[in-house]
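Following this line, the structures themselves.
The same chain A turns up in both complexes below, where it pairs with chain B and then with chain C.
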Partner chain A sequence: MEQILANGVYLGSQYAMIALGLTLIFALMNVLNFAHGQMYVIGGFVTYTFYGQWGVPFVLALVMSCVTLAILGALIEKFLFAPVIKGSAREESTMLLAAGIAFLLDALILIIFGEKQRGVPKIVNGVFNYDFRLIMPYDRILVCVLAILSVVAFIALMQYTKTGRALRALAQDRTAAQLMGVNVDRYSMIGFALGAMLAGLVGGLLVTITGVNLGMGGPTSIKAFMMVMIGGAGVISGAIWGGIILGFMEAIGLAVLSQYGDITYLLIFISLMIFLAIRPQGLMGKPWG
Partner chain B sequence: MQRRTLMKTVLTAVTLSALQATTAFAENPVLKIGFVGVTSGPAAAWGISNQRSMETRAAWINETGGYTIGDTTYDIEIVSFDDQKDPKRAIAGMEKMAQEGIHYVVGPNVDDGAAAVRPVAESNGIMYFPYAFPKSLYQAPASNAILGMVANYQSGPAIYKYLMEEKGIKTVAFIAANESDPLSQRDGGVEAAKALGLEVVSDNVTYQVDTIDFTPVLTPVMRAQPDLLVLSGVSPANAPQLIRSARELGFQGLISTETAQDAGVLAEGAGDLANGFISVGGASTPELASPMMNEFVQRYTDMFGEYNDESNTKVYALEYILETLKANPAAIDDVTAFQATMDTFEAPNPYMNGDAKLRYVGMTSFGQKRQVAVPLVVNVYQDGAFETLFVAEVD
Partner chain C sequence: MGFSARQLIGVGLFLFAIFVGVPLIIGATGRWDFYFTLTSVALLAIASAGVWLTFYIGRINIGQGAFALIGAYVSAILVVKAGWSFWVSLPAAGLFAALIAVLIGLPILRLRGVYFAMITLVLTQVVTLTALALPITNGAKGISSIPLPSGVSLFGIPLLPDFAAMGNTKLAFYYTACILMIATYAALYRLVNSRLGHLCRSMQQNEELASSIGVNIAYIRIVIFAISSFFGGIGGAMFGSIAQSVYPSSFQVADSVNFMLNCFLGGLGYVFGPMLGTLVLYFGWDLLFEFGKYQMLIYATILILIIRFLPNGLLSVRIGKGGGK
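Coming up: the complex of A and B.
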């Protein structure tokens, strides 16, 4: 039981961070960013390059992942999404653009970082073992704590800073925010950069546990969409709850149902379908969007 | 004026050089060999190592004047198609090969893709070299598929038997990704282990290929405390994480797989925790690699920046195609002639030291010669490199 709880908290914290960036971008711009998983992968590769290859301290490498993805996100928003959103009222245009960016980033990752799985040295050695009832390597505990701290810091940023208030205003009503003097173009770019940065941060954190490879982008995006749908699209707290719920469902399913083969995700998908049929807006989303 | 003259001279020289280069390149007719496999997505590493092995060897051949088959010397061109691990795309890829008049194709990399392309290959006179294990692909009436590596039902029993005799293992647990290839490899492994008298203590734990953390997945397996943990059909991306999680959960037993792995990936992903990990490899361990194998590794590294140990096995398919065509030049556009030659074909294995031969095998497993005789080299990982545990042959 202790192991299931610990696994649930650990997976939930990671998933919440992955979902946060995706839901932020959706809230601000109504864009389903299919390239979110690829951004996560790039974050992992940047940390791999700085920390694993060049021996830069891990924290600095993590910062480099955040900075790289923030710049990449800002550029993508300014030169790709902003013109498309201005020129086309159809939502499919941004969806297609996002899918195209995902393919482009996949191709660039292959060219720059290659096809192999990459990993980095452990950031902390040793394993916490409580009487074989709860086993958790110290690096996972550290990553879990860092993920929770990052989520708290993100909430504080959104709640207590001028930028956060502007972003929330933009998410609630773009036109009203504009009328109140919010520079919509600027804050859209900042919001997209922040969403991409979160993807980079979690990619950099998880490369120490899972490593990183070219093919992780697509499946990561799908999982992130699931969490966002559970919590409610465009709602920050919803993404966090979505991540935690998925993390616990996975941890419980893997422990309890392992003797029946891999039916954990089958049951999760069935539960999700039933849940969305009853509450299509997700846990915390509003029916009107 | 002098400047204009200089410009003219330079332009003339460049044009003449380009013409000369084009003429030199066009001296030989081109023999196209196809590749249909996965070079994108989570399994990209499998297909990319195939494609790059072929491209490296083709570039090497072309650089040294081409490959002589009968009275003609050919330049080799590799025509590649990414099937994205999707059977429908694999069919499209094989159709593309047929439209280009290609009769010899390497790939696909997975079971369902290899099964899907069979009708296209057989109806269009294409011999293909899948890296997929279903026996129906290679048993009559199937005729055009040639297994490009050692199957798990051939390597698995050899590894288990060795570990029973040398390490005294008695219990075994299997874990596999929830996909067709790993699951069928797991089932084959379980059958082989039981036939050898091993007690299978866990064989129903599976995982998603996009699993972020294997600790929750492995926890139930670890409770069974097997002597040997088999990672059935594990991809190079998942192997280091599984090894690392198993060791961190306190597993002290042996870990093995029947798929090829990369030492660099294991070193980065699991470090010393991967020491003792047993996998199937090719012929690049120092004691086995011939000078030609070493040159291949060097050329691959020069071309692509980094070698992939999976290519130790994948270097062979193109060599088999070319050597068989050399043995019977009539087969260049007639696969029935190729099939007839396979029964008696034999040539020196240029990638291994000693008197190893290139020949077609598979009589025991398939009832006909539909497998390339790559050496069954079982490696053990130790401190960043593979060491040869034992070498066997498939008949």
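Coming up: the complex of A and C.
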């Protein structure tokens, strides 16, 4: 039981970070970022290159992941999303763009990093063992703690800084924010960069445990969509709850139903559909966000 | 409905091109593999037509892969396990997909916008996982070596030839797929220009307003979703018959996304948009094959450029910017 709870916290903290980035981008620009999983993979590969291949300290490699993704996100927003949003008759056209970017990033990852599964040396050795009831490698604990710290830092940023206030205003009402003197274009870019950066950060953290490969992008995006739906699209607390709930469901499902094969995910999907039929806006969302 | 002379000529040219032109060109160039590509385009265009129809009531549908997979499995099971003729199983597959769509649609069509989009995306995963888990679908092994469609004759007069006895099944499948595609788009055109089509447009703009002037929106969106899934089921069933096999991975999330992209690329304001979108996306992908590992890169770049400069779809070139709202 303790083991399941610990696994749940561990999975939930990472999932929450992935979902946060996606929901931030959605809240600001009404864009469903299909490329989120690919951004996560790029983050993993950047950390792999710096830490695993060139021997740069892990923290520095993480920072490099964040910086790379932030720049990438800012460029994508400035040169692709912003003009398309302005020029299209229906805002759903951005979904085509997002899917195109997902393909593009997949192609770039394939060309630059190759299709092999990559892993890095452990950052901390040893295993935490409490009476054989709770077993957890130290590096997982460290990653979990770092993830929780990042989530806390992100919330603090959104709550207490000028940038955070501007971003929240933008998410609430774009026109009103503009009328209050928020530079909408600039903060959209910052928000997108921040969302991409979060994806990169999780990728960098997780490369130390699960490694990274090209095929991880798509499934990660789908998981992120699910978390966002559980919590409610465009709501930060919702994304965190969604991540934690999905993490726990996965941990419990894998422990209880392991002998039935892949049935865990089928059950999660079906319960999600029933849940959404009853509560379409998710846990925290506003209706028709 | 009255058609102008120009429209009739256009349709005539189009029919001539696909039934006479394409076989002539393929015969002249010897690229027999194009038959398979173009057959796939026609079938995917049928499924995309369904997605386009859900767009028409203002819903983003990323779940067509689910219905295509359902259709493919229903047809395969009926042909292999129950010994039905393929031509009977084809409408059965469509109807079964439509039935599932009604059952699932009742709760999920209440959702809108990205919520509907994301739940239909999840639906594709559900169907894939269900196909893996159920005993009748044979799990990951799938159903393979499905017999080719058999002949149909009425009172001794052969209506449809026996595919297994034919030397060139590629051409036969190509014609079948094209005829199905034309029937689909004719039906779609008729639907859009009917009373139901007008009601759909009113829903696309504002559901509450449409409801307030007496449009039964709950009924219409179920009907439309069922028709849409019927197309998906037909397309999927035909695909399974051509490939002679169905696996849980035959239609995945990526396929569902592609169906949606076909509609976007062709243009959401035009009935024939999804057909063009499918042709460009699928054929383009095939043509880029010789670039090897840069195939994906070039493909994605072109896709992004198109959407960057023609955000309202390829067919919007004709109307100009802001057209077809």
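One rule holds in what follows: the second predicted complex is superposed on the first by the 287 of 289 C-alpha atoms of A that agree within 3 Å, B and C clash if a C-alpha of one lies under 4 Å from a C-alpha of the other, contacts with A are read in each partner's own complex, and residues count from 1 in each chain.
The working rule: a contact is a pair of C-beta atoms (placed from the backbone, for glycine too) under 8 Å apart; a residue touches a chain by one contact, two chains touch by 3 or more.
This one's a predicted model, so the numbers in the text were calculated from it and none came from an experiment.
By the touch criterion stated above, A:V228 is placed in contact with chain C alone, chain B being left untouched. By the touch criterion defined above, A:V184 reaches neither chain B nor chain C. Once chain A of one complex is fitted onto chain A of the other, the partner contacts of A:A277 are limited to chain C, with no touch recorded for chain B. When both complexes are overlaid on chain A, the residue A:Y265 reaches chain B and chain C alike. Contacts of A:L206 after superposition on the shared chain: chain B is touched, whereas chain C is not. Applying the stated contact rule after C-alpha superposition, one finds that A:V84 touches chain C and leaves chain B untouched.
Contacts of A:I155 after superposition on the shared chain: neither chain B nor chain C is touched.
Contacts of A:D106 after superposition: both chain B and chain C are touched. In the superposed pair of complexes, A:L142 makes contact with neither chain B nor chain C. Across the two superposed structures, the residue set of chain A contacted by chain B and also by chain C is 106, 110, 218, 261-262, 265. The residues of chain B lying in touch with chain A in their complex are 39-45, 48-49, 178, 204-210, 212-213, 215-217, 219-220, 236-237, 240-241, 248-250, 262, 264-265, 268-271, 304-306, 308. Residue ranges of chain A in contact with chain B, taken from their complex: 3-4, 7, 10-11, 14, 52, 106, 110, 114-122, 127, 129, 132, 135-137, 140, 206, 209-211, 213-216, 218-220, 223, 250-251, 254-255, 258-262, 265. Residues 60, 104, 107-108, 110-115, 117-119, 121-123, 125-126, 129-130, 132-133, 253-254, 257, 260-261, 264-265, 268-269, 293-294, 296-297, 299-301, 303-304, 307-308, 311-312, 321-322, 324-325 of chain C touch chain A in their complex. For chain A in complex with chain C, the touching residues are 26, 30, 32, 34, 80, 83-84, 87-90, 92-93, 95-97, 99-101, 103-104, 106-108, 110-111, 218, 222, 225-226, 228-229, 233, 261-263, 265-266, 269-270, 272-274, 276-277, 280-282, 288-289.
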